[in-house]
Amino acid sequence: MSDGKVKVGIVGASGYSGEELLNILLRHPGVELTVATSRQYAGQKVRDIFPRFSHYPSGQGLIFEEPDPGVFGLKADCFFLALPHGVAHEYAAPLLDQGRKVIDLSADFRMDEAGIYQEFYGHEHPCPELLSRSIYGLPEIYRESIIGADLIASPGCYPTSILIPLIPLVEQELIRPESIIANSLSGVSGAGRNASIPYLFVECNESMRPYGIPKHRYLAEIEQELSKAAGKKIVIQFSPHLIPVNRGILSTIYVTPLDAISSAEEAHQWNEKLQTVYSEYYAESAFVRVLGMDRLPDTKNVTGTNVLEFGWQIDVRTGRFVLMSAEDNLIKGAGGQAVQSFNLSYGLPEIAGLI
Amino acid sequence: MSDGKVKVGIVGASGYSGEELLNILLRHPGVELTVATSRQYAGQKVRDIFPRFSHYPSGQGLIFEEPDPGVFGLKADCFFLALPHGVAHEYAAPLLDQGRKVIDLSADFRMDEAGIYQEFYGHEHPCPELLSRSIYGLPEIYRESIIGADLIASPGCYPTSILIPLIPLVEQELIRPESIIANSLSGVSGAGRNASIPYLFVECNESMRPYGIPKHRYLAEIEQELSKAAGKKIVIQFSPHLIPVNRGILSTIYVTPLDAISSAEEAHQWNEKLQTVYSEYYAESAFVRVLGMDRLPDTKNVTGTNVLEFGWQIDVRTGRFVLMSAEDNLIKGAGGQAVQSFNLSYGLPEIAGLI
Amino acid sequence: MSDGKVKVGIVGASGYSGEELLNILLRHPGVELTVATSRQYAGQKVRDIFPRFSHYPSGQGLIFEEPDPGVFGLKADCFFLALPHGVAHEYAAPLLDQGRKVIDLSADFRMDEAGIYQEFYGHEHPCPELLSRSIYGLPEIYRESIIGADLIASPGCYPTSILIPLIPLVEQELIRPESIIANSLSGVSGAGRNASIPYLFVECNESMRPYGIPKHRYLAEIEQELSKAAGKKIVIQFSPHLIPVNRGILSTIYVTPLDAISSAEEAHQWNEKLQTVYSEYYAESAFVRVLGMDRLPDTKNVTGTNVLEFGWQIDVRTGRFVLMSAEDNLIKGAGGQAVQSFNLSYGLPEIAGLI
Amino acid sequence: MSDGKVKVGIVGASGYSGEELLNILLRHPGVELTVATSRQYAGQKVRDIFPRFSHYPSGQGLIFEEPDPGVFGLKADCFFLALPHGVAHEYAAPLLDQGRKVIDLSADFRMDEAGIYQEFYGHEHPCPELLSRSIYGLPEIYRESIIGADLIASPGCYPTSILIPLIPLVEQELIRPESIIANSLSGVSGAGRNASIPYLFVECNESMRPYGIPKHRYLAEIEQELSKAAGKKIVIQFSPHLIPVNRGILSTIYVTPLDAISSAEEAHQWNEKLQTVYSEYYAESAFVRVLGMDRLPDTKNVTGTNVLEFGWQIDVRTGRFVLMSAEDNLIKGAGGQAVQSFNLSYGLPEIAGLI
């Protein structure tokens, strides 16, 4: 640390998640950002590539460097990895060997079991020995474990929006797990900053489309975490869709409660139950906004923030709950959540740099 | 008729559905458009209010007139009503009395029973005696009945996108009705051309939001039609969402088949079954594009056309079908479908003016 | 011809202009589309790649083929080339040798002089001998010459929007040529269907940006055509900008009249003069909508059509005219205009297939 | 002050500018926000109306109140007025009488002369006696005067984007004033949060359109400030356009230098001159980003920030400079700039609460 600040690096700082990490960490009061890597922009000033940050007081001299962990590993205490799935381990292993803390935004270290990874990602896990060392970085659920962790696997964007409303219900056995259906909508930044025709402006604007149905790889971590909360294996339905907004995820989740709802009175009681369960569960969570019943989420109320908001309706006609959550996929769904874990792991206020 | 063309009028021609009817009917080879009403623009030329149509050879002299059925009723044989719910009957009744044909785009005549209307629309039906006379104008299902009809209730936009994929499955008892969940996304034109803050550009752009959950009034006609196909009462889940596109509806529909799917082999058989059922059911339907399995819809493939396309996935893990449909809410979901019924009712080719 | 229809081919049918040509030509009453080439999709059905056209009665069996002029040249009488700049000549020369008609949408044959091409495009013109044979396919200006042409160079999107309002004023020496400033806005489809990061949805949405200033290559043809109209060399200012819409060009053009405006009375006289000049000049032009003064264009009034609309204001404070034009860059600015020339060259009604 | 913080109020806090002021002031380290008025939402919690701010630590209990200056005037030292033009004076006068500081975001106090106001706004100025007391709150130009001011007229969004690039050139007599043409593009939030059909999503999306040409009322303050910088009367051309983005203004400004450019060498010298002039002029201005030549602005690089960025090209063919500037219309063009003046007037760091 210098001036009591943690020296921090971002590996893969020119994608959308990396750019959001730059945005947050350059203004974080407890951070000195000393490393930003980018193969594409190596040797160029961060402020020239991302003029939008060039008036921030810090980072004026920061230069993108080649992603060589032998070199950059010496310059910081903690590294955020914002890399494609399947690549992060090449950096995580040597950095951990050098005694650095690693917060990874990819899926590489999110699975408890290498077999699940292989089932959903289609190839063998490259370093299964690190899986038991990593902590799933969902602070609202694993706050205590994150505090001591040196390898944090920050959750995926869709999983965050689905797990936060569901985990309390699953944990307390209030719903039938096999009834869970998550219908999710994502903005286009979720596809990354990659030159690809399906993500051109003209291909996305005035378009709405499903994709990755029925077995999207994010199911691996969603089902793992729900299963852990339930104490038994859970399989769910998950359907992502691409929507022409830059940012935002909206998940509409259908579940059937364990005890049937057959009257307005029962629906009323269920609503009070849900209100109580969620209020208690997230009492200490500054970034979870429980909207309650009849107040529906809107992604524009959360984009640009680290907040996940959710509400619900109770349908007495069908006997289902409809849970609806909204978050910014690049903040609560990526960079912001990773910084939240960072704050916890260094004993900083959980909201530092995030409000 | 003049030159063998049907004289046609549009009542309420300055909303989004009315404008789309203008667009279609001004170029329809079998139509002479003689009436377009608009309280707001009465006395002004259609070509001045909608310059986008001003180079069409027909309609050059057409002037918006006051919606007085005693006057305009004399000028055409068939009238399209593109009016808000609850108002259409004021025009339908006198026009029918004058021996005119009426194609109504509102919900006023879609219900078989006045009681259902009252339950979902919140007030007594204004002219229940006309309900038994009207035909639900979904040509793919009611083609024969439409041919002789003089009062056609053109279906709602969401219902069309949900009924076309579901009716064959319900009719043939292939799925469990209580499992049906329809998660639908709509473009903003669905809200009509009304000055209202929630539909301002800034409120919708970069926003995704659910609304009208859990008991949207479109459920009335969706459940009525599914129940008729099933021969028993069906209740479903329906969740609409507002998405920042001008046009388009995308419905993602979850259903559980009657016979469980527990292996890839069974999924394969189900796929062949679905392919057969739909191919036969829609063999004569030029505007239904059956995509089959693994080909997912995209609203941009149907906007600007009268086509509804849908495909499906079969999830062997959860045992569900995921049906996905896309349409243009103002064409197949409103004006285009109404013209399709018009064509049928006058013995014109079903595709006239629609390709 | 078969059934009196012209056999037509599209070379490069999978870019945005090629796709628009497919859209128009598949429904053109005087055309049988027999060839569509696409290196990328060779061997695949057009209806599978572009499902949006799959319900058109014609083209059901059309298959994309490799762009080999020795093969496809035998299958049609007229070819539209929708290829990148610098490539078209490889197809035009052999097709012309085979006696085919060629309508080229690139810049390759728009210049009268090879030297101007080299100045603006940065390399020697590949086949200068064809330049004198080609006709600049702006039907409103060169209608007579297009009728007999076998090599038509269809104008660029920006140039069309600038030339139509300016040519009558320049030709009649009403304005000071050196005062011309054209500030133009284009939708993103103008950049083509190319995988490139600057045209990703996220990079364009919520962005407005200038580019190619001050010497965009479209100046070559704009200045050539203005100079021909004036009978002397004209140099202008032209500034393109990228705007987050799929389609549309809006040009705001500033000019100073030859006779100063110093009173409201003079402004009034100028307005009458402009109204007369334009009404006469474009009296036969179905696709030019002269809005006059005080009625401003809007791209949404022309997108999806082959119409260019323009209006003007006269600023008595500054002494300038402000001319404002709008068009669909893919129709009047590309495929539609090319078909307009095609119609003329085959003696078909100019509007055939375009309304 | 409490805890050394300035007590501040926002009058008209539910429009787009008012909402942006809430966003900034709730997080401003030197501010205690004690008043937010809204006729529409009086009695409701700010956090319920604007959930997006509800996780900010401050403002938890803030309730919208009726805009009664006799009541709210007692609760703060400084008031921001975010009201429609023509209304602000009703609040400014009594607040000043009570010894409060007023920062007005409307046009009411921007004119030095009541006659100019009347010419452009179409009615007599309601309290001309306050005009001499107010300071035009463009901190980059009037930093010194703002420090002591108690009535600050914060500039308009378009004027800010035009004045910052032009004032140094006009002041130093480098350009011909009569050559100035400002072609500006604005996002839709510039139209305010008013229920009005032309600003509905469907009317703006996929639309580009000019408006208010040729004599938009913003010309009043643009010409006043340029004239003051020049020491003589300046009249310019200004053309605003509406573009489908939420936020952002892009101005492309054409000017002819006093000394002609007729060679690349002269262009080079001019570029060095411009670089020097601007670097010196804005050396102390943290929110002005001088891009120089060949680096073009993009609104997405400034939206969400208080930065105005601008660059230029020098056209040796036409002899003109093309200046291009970008800003966020609601921040540098409204709320952010007003807070910048607030900071100056209270002796706080100019960037407080703005980075």
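Per-chain numbering from 1; labels A, B, C and D assigned in written order.
Everything that follows uses one rule, which is that a contact is a pair of C-beta atoms (placed from the backbone, for glycine too) under 8 Å apart; a residue touches a chain by one contact, two chains touch by 3 or more.
These numbers come from a predicted model, not from an experiment.
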Pair exhibiting more inter-chain C-beta contacts, B-C or A-C: A-C
From chain B, the most remote chain by mean C-alpha position: D
Approximate Å spacing (C-alpha centroids) for the pair chain A, chain B: 39
Distance between chain centroids, defined by C-alpha means - chain B, chain C (Å): 37
Gap in Å, rounded to a whole number, between the CA centres of chain C and chain A: 46
Interface hub residues of chain A, defined as touching at least two other chains: 203, 205-206, 244-246, 300
Interface residues, chain D side, partner chain C - complex: 178, 181, 183, 185, 187, 203, 205-211, 213-215, 235-237, 239, 241, 243-248, 250, 252, 254, 296-300, 303, 313-315, 317-318, 320, 322, 324, 326
For the chain D and chain A complex, residues of the former touching the latter: 27, 51-52, 54-57, 206, 286-287, 289, 291, 300-302, 304-305, 307, 309, 355
Residue ranges of chain B in contact with chain D within the complex: 16, 187-189, 193-197, 199-206, 244-246
